[in-house]
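Here chain A shows up in two complexes: once beside chain B, once beside chain C.
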Partner chain A sequence: MPASCFQPREQTHRTSLAAIRTKAATRDRRFKYVLVAPSIFVLLLIGIFPLIYLIVVSFQNITMTDMDTSFQGLLNYRQMVNDTRMWQALLHTVIFTAIALPIELVLGLAMAQLFIDRIPGRQVFVALLVLPVVISPIVAGATWSLMFDNRFGPINQIIGWLIGGEATILWTINPNLVYPAILVAEVWQWTPFMFLLLLAALSAVDKSQLEAASIDGAGWWRTFFRIVLPAIWPVMAIAILIRGLDLFRLFDIVWALTRGGPGTMTETISIFAYVKGFQQFDTSFTAAVALMIIVLLSIVVMAALKRVELAR
Partner chain B sequence: MKQAQFGLRAVAALFAVATLAWSTGAAAQSAAQRAVDAAKPLCAGGKTITIVWEAGLQSLDPLNFSGPKWEQLTGCKVKVVEAPVSEMFTKIMQEFRAGTGAYDALNVIPAWMPDLAQAGALEVLDPYVEKYGYAKELQTIAATYRDNQMKVNGKIYGFPDDGDVFIFYYRKDLFARDDLKKAFKAKHGYDLAPPKTWKQFDDIGSFFTEALKSEGIYGASMFRESGYGNFMFQERFRNEGGKFFDANMKATINSPAGVKVLTEWRNENRFMPPGVEKFGFVENLAVFLEGKSAMTISWPPYGRFAAGYLSEEKALSWVPKSKIAGKVGYTLPPGGHPELAAGFALSVAAGSKQKEAAYLFIQWLNSEDTSNQRVQLPYALRDPFRDSHFTNPGYLKLWPDAKDYLAALQAASKTGLLDLSLIQTDKYEEALRQGISRLWAGEDPKKILDDIAKQWDEVTAKVGVEKQKAVYSAWAAKSGAYPK
Partner chain C sequence: MNLRQRRRLKLILRLAAAIAITAFFLFPIYWLFMISFKTPEEIFAFPPKWWPGQIQFDNYEVLFKDGDAKTVGNSLVVASVSTVLAMFLGTLCAYSLARFRTGGENLANWIISQRMVPPIAVVFPIFLLYVWLKLVDTYVGLILLYTAFNLPYVIWMMRGYINDIPKALEESALVDGCTRWQVLWKVVFPMCRAGLFATAIFTFVFAWNDFIFALVLTRTEVSTYTVQVTHYFGGQSNFWAKISAMSVLGTLPIFIVVGFMQRYLVRGISLGAVKG
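Now for the complex of A and B:
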């Protein structure tokens, strides 16, 4: 019997088999959806609901000290756009980020390079260097506030010894010194974070490539830029992103040192939002500010992730 | 018929006698005892009253003294929720909005009262005062506190419970030194004595700093940190004749009086310890108690700490040991109208589920009997606020100069000036605080005050000019708003 005689039957069999498979796959897919549905629901509830509520509140007139909660359209957004103090706070935040981030990156990388080779006491040093990261930022801020204190702080004391007289430097009041003071505290606390991530990344660089480059006569800089940097770049990008976002939310250290002063000279966007929302109870206005921050950061994060090709 | 009439008269007479006897007995009973008697049945079954209190020394009063005593007397436990002053308003408002009823009684800074009353966070106390016969004892609270820190729109929202007032402290041993008296008279042409004007303060301060340099003593030290400076400015600005707003509710803080105050502040720093710009309560206290400053202005506890009163008290171990005990004089600050800076009033939370019990607790706390004990607690920072506190025989004997101290406090209570109290007071104060910190950063006083006035006008416009004007007018009509 020619084989073709069996074709229709076989075809039917295949078709029904495919149908069964499709059906099973659909059932399987549905079952998966059922399984993940509760967690998706919870995620939406805790992730999306607050965001929607934030948007709703930003169009209302909630001030906490008043019973009026009426909708007032775009009034909060208009006020926000016209609020010079808010724009200044945003500018201060950008300044802190633009200065602290490169310093932390370069110092972190330099320290990681230093510790990549096995040196005596390496583990102890690494553990000590990482200590600032585990301290709560508000505690770090309070500690630096004492360090900079003009009466009891060691910094003025040491300067006094060096100049051979009493040093009364008002680090957190003098407009020329207040930014450096905050940046020192910030860099002190978070450079070890960069160091730790970059040390891990550097440890994973293929040694054979480095040896090959060395045999080929490539210098240190050439090796670094052509082999090391591309190898550690994904980790470095993530480290920059995390620290960049953290710096954009900078609050604790500045609050402990200056509370945003003198005047509003060091007020960051987080401090501005805190003061408006939790000291002056402009709840709806603060919601508008928070939404603006969320939108801004989302754009930055998406652009950054796209750039480092992590969001594909 | 006659017999019946006689019988009726006899019953009426008996009723009248019984009523008289009962009312006389009730009147003889103190407000504290009335509160205890009324609370006992309410507390049966072990209720807990939750009260918000300033964290730190202040809260040792309910934790160590009044809380345990109230439990012993009535059976009601007292739970103390401690919060720093800067967070108390936020906590109270957030709890009220959440509507959990977690707080029963509150410590409220009188300047917050309009905001809290408008929000509905405070219970109106008039019906309770009447019900539990507290009106008479309220009248014996020193007039300044009673007339200014108790009511909003004619209703009682809190009982003034802390005589916070700025007093001028000076080193009487230095003012009495013959060499200094002679040199000062020769230089300035008038006798060395505690200053009555800010010009005299400037003269004396710079003279002392120069004359006592070798002894490491500065002419004066003051609160300059912006949070404290806010109170200092409000006091001095009004003593210089300044008004916060004009008739149209436009801010006038940038008037010549304001500029004068900020300009003089900066000039005075030259005879104060280096870094005075950062001085708050503790920094200033340390310098004064170490004997490194001849004059200062602060709240009443400075007087007790300087006298070394119960310095061995464990809770006061953080206070530097006084090197100037017995050498401190007390008087009113230059200008004669000290700031009634902050202070506390006791209120009942509108959201409480046991308002009656909470009220009775604060009546007992605030009463003549209990408050006389509380203001003498060495560790708890409650300061004399009743007429009887200033003349309390026990208090007068607490240290050798206690009578002078109490006399100064009593004088201050008669001329004290209220903190500015409006709707959203903190926004006005915040602008002022920022302005003061800008002063220490070297900015021009006039420019700073112009900016503050602009910010104040913006806040007023946002609240509503007419609405705020009504609140300000009510505040300005109080006896302690401006010097009379």
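Now for the complex of A and C:
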């Protein structure tokens, strides 16, 4: 910070108005960059520099046993395209997202509809319902692995009551049940997120429009699609964007429940990259995968930000 | 049935639905907390018992005796220090973005897009870099990464809160002879105190709850509580008493903190898009 900025204002009052303006303008310009600089520096340090390093490594052939730093061209990218396990991991991620996102959205909307009208103890209900959202996802996954335990968990116990016998369902091991199990945990944690945002959006819908529609004799569905949905759409789009991106990087809950298993059945792209990079030490290959993820996501995010009004 | 009775019935049905839904969402949390108070015999009782015979804290005592509870301390250190750093740097940057439109929408969009990239893709090159710099399993390394990861969130949120402050106040302070820095300290920060506080809380929660960065970048010295929880998962049997007690140690502070932040919750988790 140059000393001139701390000079008393009285001095400038003597100079002409135009001079004050230009002086203030240059001062502001310097000031605004001084404020931005440290943050941009940190972001570049942790964002751009590793990105460049990632690109370099992805063209080499570093593995656990081999520190081969010679350039291999597109070797890792060819290997990646031909890696069926990677495509499957990508597919699993898409499946989780495609199932969990609509369920969370519809359940969250239904819950928001339930709580939008006056209901005794509404604030207490809402305060309690948000709790899953703020739990660490890894703890949420651990909690559900307690719930799903075949012998000491309450879920099999409840099913046992319903069928009138002993239920010994292996939720996190049986290939047919791992997806439902993970999805239940995921939906449990994030439906309240949708609920909160949509409740806020619904409260902001113009009441007089709803009254006018009801006077005109419009039914509930018609009112919903013609008036409510367009009104809450901006918020809904943001909720879908945030959750969609979160689901694409799904890691913690799956890690706690199945570690991607049985086999690689529930392996998401994040788990795949983790296993390749930190358990098999396929460094250059993982760099190529990480780069692919970054490029893919950046395109999606940039396109989405153009369409969605994320804060003014 | 007349109209009044019908309305009453509808309200009762709605209330019943509300209670059922809330019970569904709270039950797993109850189960987690309840297990942490059970004795080992009660945890491995069949059929499972839905409440502990008595509230006892042996499971917690073990964590403190074995030194595992230190990981909660590690979480506290890295989350607090990185929150303070990110708040300081981020708020200054946000002020510039909000008031001078520095870099226009492109810079703002680039900053927020930095947050949306999957952590695994970010942490992999960071890990390679840290190995080289010998920053793996150090406080500095973890704090630096959390600071950088939370910066976009802080900048984005604080930009919103600063935009909410009327510009006229700052202008009159400038006319009265305040420097730009004085305006920041004496007008802007006090005016958005609530926003600063709320943003700091959420920044803290994000760092506190993180698992993947800590999993990759810590070994033994600075592992956080989330990493410690996963250490209790075994191939054959899980150390349930420890899993639940450690999870509660990590979750209870968050519940308490967020309980005070209800008003800001919606804005905080929607990246500022919904003012709530």
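Just so we're on the same page, the second predicted complex is superposed on the first by the 251 of 312 C-alpha atoms of A that agree within 3 Å, B and C clash if a C-alpha of one lies under 4 Å from a C-alpha of the other, contacts with A are read in each partner's own complex, and residues count from 1 in each chain.
As a convention for this text, contacts are C-beta pairs under 8 Å (C-beta built on N, C-alpha and C of every residue); 3 or more make two chains touch, one makes a residue touch a chain.
Values in this document were obtained by computation on a predicted structure and should not be read as measured data.
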- prompt: Touching A:279, do we find chain B (first), chain C (second), both, or neither?
  reply: first
- request: Considering only touches as defined above, state whether A:116 meets chain B (first), chain C (second), both or neither.
  value: neither
Task: Kindly classify A:39 by the partners it touches after superposition: chain B alone (first), chain C alone (second), both, or neither?
output: second
Query: Should A:53 be classified as contacting the first partner (chain B), the second (chain C), both, or neither?
result: second
Query: Is the number of chain A residues in contact higher for chain B or for chain C?
result: C
- prompt: In the superposed arrangement, does A:255 touch chain B (first), chain C (second), both or neither?
  reply: second
- request: Please work out whether A:65 is in contact with chain B alone, chain C alone, both, or neither, and reply first, second, both or neither.
  value: first
Message: For A:151, using the defined touch cut-off, is the partner it touches chain B, chain C, both, or neither? Pick first, second, both or neither.
response: both
- line: Residue overlap on chain A between the chain B interface and the chain C interface 151, 278
Statement: Residue set of chain A touching chain C in the complex reads 1, 5-6, 8-10, 27-28, 31-33, 35-36, 38-40, 42-43, 45-47, 49-51, 53-54, 57, 111, 114-115, 117, 119-120, 125-140, 142-147, 151-154, 157, 160, 188, 191-193, 196-197, 200-201, 234-235, 238-239, 242, 245, 248-249, 251-252, 255-256, 269-270, 273-274, 277-278, 283, 286-287, 290-291, 293-294, 297-298, 301-302, 305, 309-312
- request: Write out the stretch or stretches of chain A touching chain B in their complex.
  value: 64-67, 149-151, 166, 168, 170, 172-175, 261-265, 275, 278-281
Message: Quick check: in the complex, which residue numbers of chain C touch chain A?
response: 11, 14-15, 17-18, 21-22, 24-29, 31-32, 35, 43-48, 50, 89-90, 92-93, 95-97, 99-100, 102-103, 107, 109, 111-114, 116-122, 124-129, 144-145, 147-149, 151-152, 155-156, 159-160, 163, 177, 179-181, 205, 208-212, 215-216, 226, 229-230, 233, 238, 240, 243-244, 247, 250-251, 254-255, 258-259, 262, 265-266, 269-276
Partner chain A, residues of chain B touching it in the complex: 90, 93-94, 97, 115, 118-120, 226, 274-275, 277-278, 283, 423-424, 426-427, 430, 434-435, 437-438, 440-443
